[in-house]
Amino acid sequence: MAEFEPKVVAFVCNWCTYAGADLTGTSRIKYSPNVRMIRLPCTGRIDFMLLLQAFGQGADGVIVSGCHPGDCHYTAGNFHARRRWILFRRLIEFMGIDLRRVHFAWVSAAEGAKWAELVTNVVDEVRKLGPYQSFPKRLDGQPKPVEVA
Amino acid sequence: MGEQRILQKASLGELFAKLIAGGQRILAPVKSDDRVEFAAVKTPDQIAGDYIQTTTSAKTAVFPRYETMLRFRLKGKDVDVDELTPEAKPTVLFGVHPCDAASFATLKAVFTWDSADAYVEPKLEKTTIIGLSCTKGDAYCFCTSVGGGPGDTRGSDILLTPIDATKYLAEILTDKGRAIVAAAPQLFTPANGEAKEPVLAKIAPRFAADKLAQKLSALFGKTDVWLNQSLRCIGCGACAYACPTCTCFDIQDERQRYGGVRMRCWDACGFGMFTLHASGHNPRAKQSERWRQRIMHKFSYQPERLKVLGCVGCGRCSRACPTDMNLGEHMQSLAETTV
Amino acid sequence: MEALQKKARALLEAGTVKVVIGYTAGTDVERARAFFARNAEQTQQLIFDARCCQNLATYLMKPEVKALGKAALVCVPGALRTLMQYAVENQLADETVLALAVTDAGEVVELPKFAAVEEYLAKMPRGLTPEQQQELDRIDKLPLEERWAFWAAELARCVKCYACRAACPLCYCSRCITDVNQPQWVPVASDPLGNLEWNVVRAMHLAGRCVDCGSCADACPEGIRIDLLNHVLAREASAHFGAEPGYSTRKDYALSAYKPDDKEEFIR
Amino acid sequence: MTTANLYTPYRMKIAKVVEEAPGVRTFRLEFADPAQAERFDFKAGQFGEYSVYGEGESTFCIASSPTRKGYIECTFRQMGRVTTALADRDEGDIVGFRGPYGNIFPIEQWHGKNLLFIAGGIALPPMRCVIWNCLDLRDKYKDISIIYGARTVADLVYKQELAEWGGRKDVKLWTTVDPGGQTPEWKGQVGFVPTILEQVAPTAANTIAIVCGPPIMIKLTMPVLAKLGFKPDAIYTTLENRMKCGVGKCGRCNVGKVYVCKDGPVFTLAQLNELPAEY
């Protein structure tokens, strides 16, 4: 069996982290190819549901990243996001969802190297954890009728 | 009435073993925390003893909360589609109260009238019901108002009544029931005219559903009556999901990028979205109209259309209701309302 | 009880309100149910005792109840807190509902304005009870897998009847996220993912707003401990942001505000 | 089990897409399996469940005439999840269809009568089926009149066919748009459908009226028909309740004891008058 390759989904803001990741590329810094990036306008717009949807569709780890405090393109989107994350992390931790698979970061447009390091670290960590099998998945067409048992 | 036999409680284990060896799965009421639910059992000691009703009804055995219908893979302009018809496992539903057993007539009527439903009908065919008479009821029960009773045999293939601490009076009612007996004939000993009535729960009738059915269409336009009854209803689906005869469902697709399933799941007429048109028009926009639909559907439309009552008086809806909408009480009040 | 009936009768007879939303005896002795007294005679059916726990403020958002006219609302403390939060969220104008609180001594206190409600609540104990805290701690101390197993088993029972949503006074959205299907945020079926997502969404949408009236868990026909999810978020919101929803009309809701120095050691 | 699964759709290939009006399209669907096309039969007035795999099913009438074999057509407005996904499909794509469901317009009973079609907006499609059906059997009927209105000129659907019908000597056609919806080039009527109906004042003698449209149009048209002398059993309409299963099981389309999916969608006004007004 081939070695487990984790799938990590990164939700990033358009103005800082996405540009930062661009810089990683243009700077020719190598980083793990296991990450799938999804660009959104602002971390304030990254709904916590997206994280669950990612896990529900087979992600093994999730990164959420945006502008450093004070740098938000929309002034305070990341401050609002931070509050939401504080509560969301606590909730899913309480429910037994593995926080080692959910990572938050500030990566600016100038931090190409930080992005590479972040992704590589997260992928390594998730690789050690293995596939996130216990998380329920979206119905994928395998016949699984509910049994009353 | 059916053929009467005696079955010792102590020999249930042997019966179960025989049935399981014969390829049957046995679903029976099992205690979990403070609730009792139908679940697969191997031995009689797993079965709950002292309870009025399971929280979820026996309908889940043939009509589960959700069920996948089709699987598809999207391939460019084309799509591969597989039908997913679940295997109907031979099942014995054991310890089903007479109200729940009666509900199978309604389920059968809905899912086989005009055309047979490929998901429910095969499961109905493969299900044998061993009923268990009720020796107690509560203020939510009203089976005797809807043509049933604590020792009613309708719907059961065998009805057991615990006539004393050690034995059941077994009424063998159908061919499916006789097949169960045939699996272990020595366990079913001859009866000597034992009566079940003394141990049955006493449930006083509150209204007469057959008489009420004729009156309901005249009550339809009395909007005040429906509003007054439904004011405290908050429009959740607890009653419908707890109900053994509620069969309304939704069909939805679940998709990942290149594939997914079509599935159906329970739905409830109490939800505002239930009848909402794409245009925004809603034939039943008010909660009172949805409450009226719930009553009319069960007590007027279904009897008229499918010749079967949509209520068996189990009282689950009322026990589940967060706002204590007691169906028996509401029906009684409708019966007492002058047209 | 008599004092309440008398007060309700007086209010209706004077025409101060059109309906008194209170409680009456329920099906069995342990249960009370909501009751809408619209004339003097009906006030005799009003009761108030330990059985009365449903948060009746929920009905203030129901169109059919609004249509009855100005209401007096018999309030348990959770309902009073709901009124405060309605005010914060601009769902209810001041003096549009007359809150009636019943003291331990059985006296009926009229609270016609939000200010009066706030003053009344000021004397009440705040925050989670020791029992609630203990329950949270008990689950928190479980190993990760056991915590997950606990919640998987709890949520597996969810049938998506949405009684929690219907009973919650603060779930007043005219269109709930579960009713939105472009995209379909929460899977429609009560499958494991759908149940998890729905319960997380519900808790998060109440984070920092929940006034801990307990109606959601009371309403759940399957007895799922969904209130714990609200409690854990309430404890966190209180610890980090000083959130105390339901005690003041002047405080922003915790997630609509921020501070530049909110904790962030978990962010890389 | 040998029971054919009611809920399994036919595989249909989109053979043609016509843009009718803003947000409104017509698809011509051909059976991917010719053997199914051979066996398939329907009658005017019936409907089906159209599906986009991954998005769900939606209910529309069959808008083509049963006299035109080998394909069906549907016309839909992009409104919700399924119709939006459907609008994204192109020629050659595979979609699902199951049906035909429901009752029919009893066009054989109408032989020898005048037919008056009254439609508004996106409700012409259910009527187009029966109009073409009757036109294809033209000698069976006497006068055929059509009154069709939409909000604006752009919202009129089947523009080519309207032109064709308007050009025929054996069809009387009035097209109208709501006041303010006309363009400088517009040569048709201006006014709401009931108003135009009143002006046209067709005879009620030996005439069947078929009315399809939004609820408000139907509500205002019925009194005009009554004034013109139309009896309730000479007025036909269709109900468009929300449906999921289409086969009388899912429980949401009923009006009283009537299942719109089984006993409808076609009803006479006389039948509707017997039902609770819950549609």
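Order as written gives the chain letters A, B, C and D; numbering starts at 1 within each chain.
Going forward, a contact is a pair of C-beta atoms (placed from the backbone, for glycine too) under 8 Å apart; a residue touches a chain by one contact, two chains touch by 3 or more.
Quick caveat: nothing in here was measured; it's all calculated off a predicted structure.
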Could you name the chain whose CA centroid falls nearest to the centroid of all protein CA atoms? B
By the contact definition above, name the pair with the higher C-beta contact count: C-D or A-C. A-C
The distance between the C-alpha centres of chain A and chain D, rounded to whole Å, is 49
Nearest whole angstrom, what separates the Cα centre of chain A from the Cα centre of chain C? 33
Distance between the CA centroids of chain A and chain B (whole Å) is 45
Can you tell me which residues of chain C touch two or more of the remaining chains? 184, 187, 189, 191
For chain A, residues that touch 2 or more chains besides their own: 138-139, 146
In chain B, what residues contact two or more other chains? 56, 65-66, 72, 250, 252, 254, 259-260, 263
Which chain pairs here would you call touching? A-B, A-C, B-C, B-D, C-D
Along chain C, where are the residues that touch chain A in the complex? 136, 139-140, 142, 144-152, 185-187, 189, 191-193, 196-197, 200-201, 203-204, 207-208, 228-229, 232-233, 236-237, 240-241, 254-255, 257-260, 262-264, 266-268
Going by the contact rule set out above, which residues of chain B touch chain C in the complex? 33-35, 55-56, 65-66, 138-140, 227, 230-232, 234-238, 240-242, 250, 252, 254, 263, 265-266, 268, 271, 273, 286-288, 318-320, 322-324, 326, 329
Which of the residues in chain C end up touching chain B in this complex? 26-28, 31-36, 54, 58-59, 62-65, 159-163, 165-167, 179, 184, 187-191, 215, 218-219, 221-223
Quick one: which bits of chain B touch chain A in the complex? Just the residue numbers, please. 27, 37-40, 56, 60-61, 64-68, 71-73, 82, 84, 86, 254, 256, 259-261, 263
For the complex, which residues does chain B have touching chain D? 69-70, 72, 74, 77-79, 81, 83, 85, 88, 110-111, 113-118, 121-122, 217, 220-221, 247-253, 255, 259-260, 262, 264, 267, 269, 274-279, 281, 283-284, 289, 293, 296-297, 300-301, 304-305
